[in-house]
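Shared chain: chain A. Partners: chain B in the first complex, chain C in the second.
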Partner chain A sequence: MHNTADFYHVLRIDQTSNSLREEIKEHCHTDIEMCLECGKCSGGCSNAHIFDITPRKIIQLIKIGEEAKLLKMDALWSCVACQLCVDRCPSSINIPKIMDYMREKAYKQCVPATRPNVELFHELMLGSIKQYGRVAEALMTVQFNIKSKQYTKDAEMGIKMFFKGKLNPLPSRIKNVQQVRRMFRNIPAQREG
Partner chain B sequence: MNVAYFPGCSLHGLAKEYGISVEVVCKHLGINLNEIEDWNCCGATAAHSLNHELTISLSARNLAIARDMKMNKVLAPCAGCFSRLKGASYELRNNSVLAAEVGEIIQAEPPVEPEVSNLLQFIMEDQGLNAVAEKTIKPLQGLKLAAYYGCLLTRPKDVVQFDDPEQPISMDLILQAMGADTVVWAHKAECCGGGYAASDTDIVLDLSGQVLESAQQAGADAIVVACPMCGVNLDSRQEAIAAKKGKKYDLPIIYLTQLMGIAFGYSPAQLGLKRLLTSPFPLLQSKGLA
Partner chain C sequence: MNNRKKTALIIGGGVAGMEAAIKIGNAGYQVLIVEKEPQLGGALNKLYSSFPRWENPQDLVDDKVKKIEKCSAIKTMLNTVVTSAERKEKTFIVNLDSASVSEQVEVDAVVLATGFEMFDASVYGEYGYGAFENVYNSLEFEDQLKAMAGKDKSELPQVVAFFKCVGSRDRSKGFPYCSKICCMYTAKQAGVMKDLNPDAKCFVFYMDYRATGKEYEEFVRSVIEEKHVRYVRGRPAKVLPENGKLMIRAEDTLMGVPVEVAADMIVLASAIVPNAKTGELAEMFAAKTDQYGFIEYDSKNPVQAGERVFFAGACGFAVESLGAQHQGAAAAADVVALFNQD
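Showing the complex of A and B:
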């Protein structure tokens, strides 16, 4: 369990920092200054029971500018983006957007993902879209199993799915895949280092 | 009525029966589905998790093609695709700086025109419950169903602007219009674990397990879905969840359009019912519906 004692306390003005708060405001169009500290976000969160840092505490960490802690938290890789927190927030603070922003930042800075398989799966899916314009479900699952060294994961289910006609063994490529590839080139997900 | 149709990868793959039944039901309702020509993947969880501009751009290309096809509405039956397309449309409309950047990336005018609807919204707002009731020739009498919305058909509310984000009712009303009973239950808009199906299966076993448990406790015969991720997670992981908990669920997970097809008089074969892993046939046969 994450040690929360170091930040879960009443903040005095000299313990807060503007920089991360401003950055979030600019990029996520959401103002954490509006937080009423009610905790509805954590109350509604689908995965609060497994989060190392729950949404209400994430807001607190942004207030004190604890960026390093936020970039390596497990919550980035276990958030299901169910949108309950933002819809329950009386101030409409867009926590899912903050999660996406911080994850993208962590990814670009090569901060190791606490759940490497989740990161790997995202990368393989983007790779499939870049190559074919669509997700080649069967092929991607095989790639995932090999790269994550879980060679027999879901094999039995995969066979069942195949016989139900749900798995297309051959990927289909869109005609204008060049247009999609150009998007990837124009928006490089550059990783530093 | 003409509408642009965005099937997405799942309706061509893991949720083929959803795609098949959407096409059958729409044709029956007099809706012409015009598949977006050469559509690309919406980017799903992967793109919004790692690259914001890419996720908006992938959807923008699809919306631009729909606009060029002179369609003012896009129907996206997959809740994930719907969320990406609708979210991109919302951002393009409300953020002119981003819209200009995306226009450069996709080398087209930012597509702000087409409206995006999910299946529930489309049925409620463009067809109406009366149309569903009128077309019903085989009422779904005796079925006690748990209408399951999951996360993305109604949330985030500012973007979706349809039904209630946590206590939605539209699918219940559609099922009732066809003569079915729907149960009151706690997990109708909770998450199934979504995109973690393969990458972190334990999350899905946990969250989908709660949904199955809740539906069973409410006395449902089956769970009805309008999202391929919900459908695939609840169906394909049901055995593993039951084994883990030492319980038995045997809850068929049926796509809403499959039940609409039955009520409209189509055969199970025409609706891909055999493709479901948890067989719906014992239940449907016991009610004289298959």
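Showing the complex of A and C:
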């Protein structure tokens, strides 16, 4: 999926930056120098078949400081945070945590996600939590489908789920929603641009 | 039978030969060490630091030399070589030659401990060894480290690249075998370089790292994770001088991308090959050698190379100083057992 012409330029590895590696060490508590390059993460990743850059290579890219490539990659949005890789990694490299960190970084820097409506989903979900202290699934699904112009998507299933008692169409607020809102105030959403 | 005390001749006074001498001497038999150089210690004398414990190799040499000096049964002849030998039943009549004298001795067993040499890396025109400045083989680099130790950081190289498997694992210009110790000493050298100049960037180009001894894997990992030496998987393809630097081209095979490093210094982990004289000596004492010229072992007696002929250390195959001592002690045990049975 990536541009091969872009990929095959000669890389001057004596001029690469360590800052991303250090950032990740600080924020994700993961030292990627501990990676043994074994590929167990990629081999067992539940979504590697649709990753443009597989987990082991992601670690390699961090090593050479290829931040721009990492922020643009599709794998950021197809990692399902299943934790299989970190659970199996002989060096406990926390790839889902790194994915989270990089996703956030991409969002803040307004690097567009490779998948449609990812940002919309992100915003609606956080908005829902801010308002109700939890995700109001039905409401959020409706909002999402309207804003993403997929008006009838999920409608049939939603009705079935409602009749089976699996879906509450009305949002319910948690008891102490103030506490959740305080959390949001402490970490204000930042977005450049 | 004459009244002469049983004597073992040790050829080569490196760590393997010294260990054999100490064990045989302390067991009560006579020992004669013949060493071609003006001092005992062999290659360890040239090393700056040693894996896997960051020790000063000189301490190990000094310890052995002290034990040798303390043992009255051991005689050491420096600057001396064996010129010929003749087997006479259970003894050997051996002619020795030094700058001052030629001497004939009679001995009852022989331990070959002639050590190793470095493969001549100049066969790789693409690396520029012998042609470009600042391309060293790893043994020469130990000397460089000694010279760098006292200097200010600003005088030290800022980018140093280490190439592993130079002449090893190469069926075209070198040898098919793996030289066994270079992965470890390369990690050590890159680590020392970072200690001397923490601002330096060190790159180790590798195909694998083989760290198969006690504390070895931990040693290499500490060099990567704590000293921040960067390991790049791939065998460098070429080196070209460029603006006063050495431009290295390789492929990072883990990413499948071509990479370059502009280095101030390049260190080649040249293959360990047997000492040139080993073959001659082996023939003199009817010891077997393998296709590369290393002394060949007997599967059922790993330090025996022939009738009353034993060997220890790197003349048998690449080995680190710990293994060389194990082998020296094992050869000594064989000599002592033989003398006890005579």
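Basically, the second predicted complex is superposed on the first by the 176 of 193 C-alpha atoms of A that agree within 3 Å, B and C clash if a C-alpha of one lies under 4 Å from a C-alpha of the other, contacts with A are read in each partner's own complex, and residues count from 1 in each chain.
Basically, contacts are C-beta pairs under 8 Å (C-beta built on N, C-alpha and C of every residue); 3 or more make two chains touch, one makes a residue touch a chain.
The structure presented is a predicted model; accordingly, all values stated were derived computationally and were not measured.
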{"item": "Chain B versus chain C as contact partner of A:Glu37, first or second or both or neither", "value": "second"}
{"item": "Touching partner for A:Asp14 - first (chain B), second (chain C), both, neither", "value": "second"}
{"item": "Which of chain B and chain C A:Cys82 touches, first, second, both or neither", "value": "first"}
{"item": "A:Ile129 touches, of chain B and chain C: first, second, both or neither?", "value": "first"}
{"item": "Contacts of A:Glu22 with chain B and chain C, given as first, second, both or neither", "value": "neither"}
{"item": "Per-residue touch tally on chain A - higher for chain B or for chain C", "value": "B"}
{"item": "Partner chain(s) touched by A:Lys175 [first = chain B, second = chain C, both, neither]", "value": "first"}
{"item": "Residue ranges of chain B touching chain A (in the complex, touch as defined)", "value": "9-10, 12-16, 38-41, 43-54, 57-58, 61, 95, 104-107, 151-152, 155-158, 165-166, 190-191, 193-196, 198-201, 203, 206-207, 236, 274-277"}
{"item": "Touching residues (chain side chain A, partner chain C) in the complex", "value": "7-14, 31, 33-34, 37, 56-57, 60-61, 63-64"}
{"item": "Interface residues, chain A side, partner chain B - complex", "value": "29, 46-47, 50, 77-78, 80-84, 86-87, 92, 94, 96, 100-101, 103-104, 107, 115, 117-118, 120-123, 125-126, 128-129, 133-135, 137-138, 141, 144, 153-154, 157, 160-161, 164-168, 172, 174-176, 179-180, 182-184, 186-187, 189"}
{"item": "Complex interface listing, chain C residues touching chain A", "value": "159, 201, 203, 221, 224-225, 228, 230, 232-233, 249, 252, 254-255, 257-263"}
